């Protein structure tokens, strides 16, 4: 029997596959389609201290093998997430990773403290990399000093392990990874979206109301994979890799490059069953490649 | 229940300029609840184009497990859809969203459609007529070449056509026709460009109405927050076109 | 008659379309297919002081709507380029932009001084952004101080206007653009490739011998367009935009975002006639959009 | 002259496991010079998959303006190619590169091919035979199911087959057969995996030989420097497989 389990700080995953934050809401919609207990974990939509309405529409645009989004962290706010979304998720036997966002350190700290105390939140994902909010967000993710300090502040109040989500929109991703490691991060999740733009061909106007948006989907996979590979060379922290994953082969690539687990974002929109399908395909794929467990395969590209 | 199904193309026909009528067959049809729901279509096996395309359900044939879509072939996705021949399979996710409240109309209803907003009104008209509600159809198109389903609507009730260039029916917009028509109906239903929906809403502030909205979509099932609209119901919330709509009672959506 | 001409420092272009450096060699191969005099300009392959053999093979790999390359600046060296490639190009009535590369300032200066004196070289394109060479290259393009100094050094010796080619692999492209502007750049060309990676699905080995490569093609267009738009907001320098252009609509997008002219790279491999086809389609496209000249359209997205 | 042409599919047939024979028609055929040249094929109208695929010319029919390709449907590009039906058009760039020197052989030639390296040897065999050169064909495949064109080669001369699993012909590699054969030929021609080309070259250091190489390609016409190999001719230069090759005299390419 192929062993799919992955053990990471706070997360004893039955398999390394989870939906990425923002692409799966709080699970309710996909629960109409399949049993969420199949999933290794669920990264829920970014939660902020207050209700956020997000950006005006249009919020998405299609690009070659990818899409842009500028949702702007719309979410019902900490209180409602704690009161209704998280309790609802308790019926499923899977780990919940809460994506925490804000526009200043205090916001992050407030959300982290509260949400990490929810009984079914197993880890936090610190979203210092959202390109679609005017204040904070991405600046936290591009300055190593700020990223380090924010990680430490959140780490100090969190009752569960803290994973920090890195932005690809930086000159040196390794430097950021090192910074959050110094700040006490228990793990890294990467990558968030690349900043991009699309124009309406008739008018020349940006298609996305926010002007720019975050690029995701297969188009960004080569960049994501390169970054995971580079960061793995420089840290032993667990990495949850993502960016353009659409099938089991993509998963193998990220694990090979050094990710310990992976998240699937945009592909859920194209094929809502993509996560369970990948989970089902994984044992045979590992077996064909000559591996008996996920953990054996992790990082193989570095051992050649 | 929402299903993802490889449905089989039963018929694909061009019925007006750039407008295609596509009939597909599969089990998913049995779950269709209301006129005005839509499906989300994956047009290619590859990830290019990436996103699914939302298309309204235009007619439902439960006995044959078939349903009809009418769409404009314009961009990359719909052009690929137009290439699907009889016997080909199409990846359909649906039925999605909430449609028109058929029970709301009592005796007489106005069905007001513009362009590719016309299709869902056809199944609606059929169901209303089946319930004994008289339907009047006011349909707007760009020009004569873009008009479709005129005879089919006529078979169900009084039908008025407006074209922007005046090449068929009344010249102008559906509102030009509405201005001339009596207000002797109890309920209106409308689907079309947002500007048209706004105008219709303004024209009948005192009537009960239902409007079907469009937004750019990601997931199509309510998970990604791409397709939101502000709502009069709450200052701190949005409604999602894909899962709360696409049909909303008049007065609910702020555009 | 629609006016396609574009006048930029050193470059009086009959139209704004040119092949991008490294995707067109020194023109000989495409000259078998069509008359190069149709082109607005030609950006020739990077030239270094000495002959460069470049990287081992495989040097290219396909990705979703894109490709990776790690050619490693293979070129016959300054002497041969001056002695045979450039003289051969004199038969064509088009502007030549010489792409200058090196691994230290002295190399750049040496090549710039010599090649800018060739009678048919109208401008230099300073390649401070090649991701595929071990030394130099990209570090010049990611540190604003180094970029500024290098630009100045080259500017001092060049007999023709100097355009600096920016790397997208940076946190803040505007900062780099400002730096080269301060260094005296006459214009900017952007973007070079995004650093990426692909793994062999069976072995987990990087497909490209150099491990990482530069991502180009339609996949990167949203990133390129966003960067051109941002840089245009902060400088009046001429911009030659590129990244994923495949057709006339893409050209309109880049011009709308603020590019004064554009370059086509990867698309030449897919459709070797792409440049003349775009040039032929441009007048009607401009006309349909209600413009009588290229220069009128440039930057329209900023004027909405 | 190199042309880019939308050629029409005349025939598409599976002839072995995952192996397809594709015949297309168009003017470009008239420019084909030598066996061993190749074409560069765009398999989709979209940019996904992005790059063209290099495929050898397996047989040329100038009268009918047709040529044959034989390819293994494996990855994304070749799978799409296998879907092209009769009447469809395919975007072909070619003919490209330099092929086998047919005039080099005097009386007897060995044609040594492995897997999808076998196809270009077929046109070569035909041309050599037409010139009165006796050809012996030594062809290696994975297994019985992968073997193709055996009868066609037999019709042109002595033909030996090796399969890795021994399910057909000699068990092992082409070199196992070569070891048993006399060295009474004047020229050899070979196309196949690089390891095979190396082995063949080692086996006949004293003979005149021509080898066809593979490399990952970008442009296919010599402009991008993707497909280079080091050469014994110069320490400071590369040769390009696409435009200087793919066929080189033995001893020229360093692998």
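Some observations on this one:
Per-chain residue numbering starts at 1, and chain names A, B, C and D are given in the order in which the chains are listed.
Rule of thumb we're sticking to: a contact is a pair of C-beta atoms (placed from the backbone, for glycine too) under 8 Å apart; a residue touches a chain by one contact, two chains touch by 3 or more.
As the structure is a prediction and not an experimental result, all values here were calculated from the model.
Among the other chains, B has the CA centre that is most remote from the centre of chain C. Centroid to centroid, with C-alpha atoms defining each point, chain C and chain D lie 36 Å apart.
Once the centre of each chain is set as its mean CA position, chain B and chain C turn out to be 47 Å apart. Remark: chain A and chain C have CA centroids separated by 34 Å (rounded to whole angstrom).
In chain A, the residues that reach two or more other chains under the touch definition are 63-66, 217-218. Among the residues of chain D, those touching two or more other chains are numbered 47-48. In terms of inter-chain touching, the protein chains here all touch one another pairwise.
Across the complex, chain A meets chain D through its residues 64-65.
If you check the complex, the residues on chain A that touch chain B are 22-25, 28-30, 32-33, 45, 51, 53-54, 57-67, 69, 71, 74, 76, 217-218, 246, 266-273.
The part of chain D that touches chain C in the complex is made up of residues 1-2, 4, 42, 47-52, 93, 215-230, 236-238, 243.
Listing the residues of chain A that touch chain C in their complex gives 63-66, 68, 142, 169-172, 194-199, 201-206, 211-212, 215, 217-223, 225-226, 229, 244, 249, 252-253, 256-257, 289, 297, 300-301, 304.
Across the complex, chain D meets chain A through its residues 47-48.
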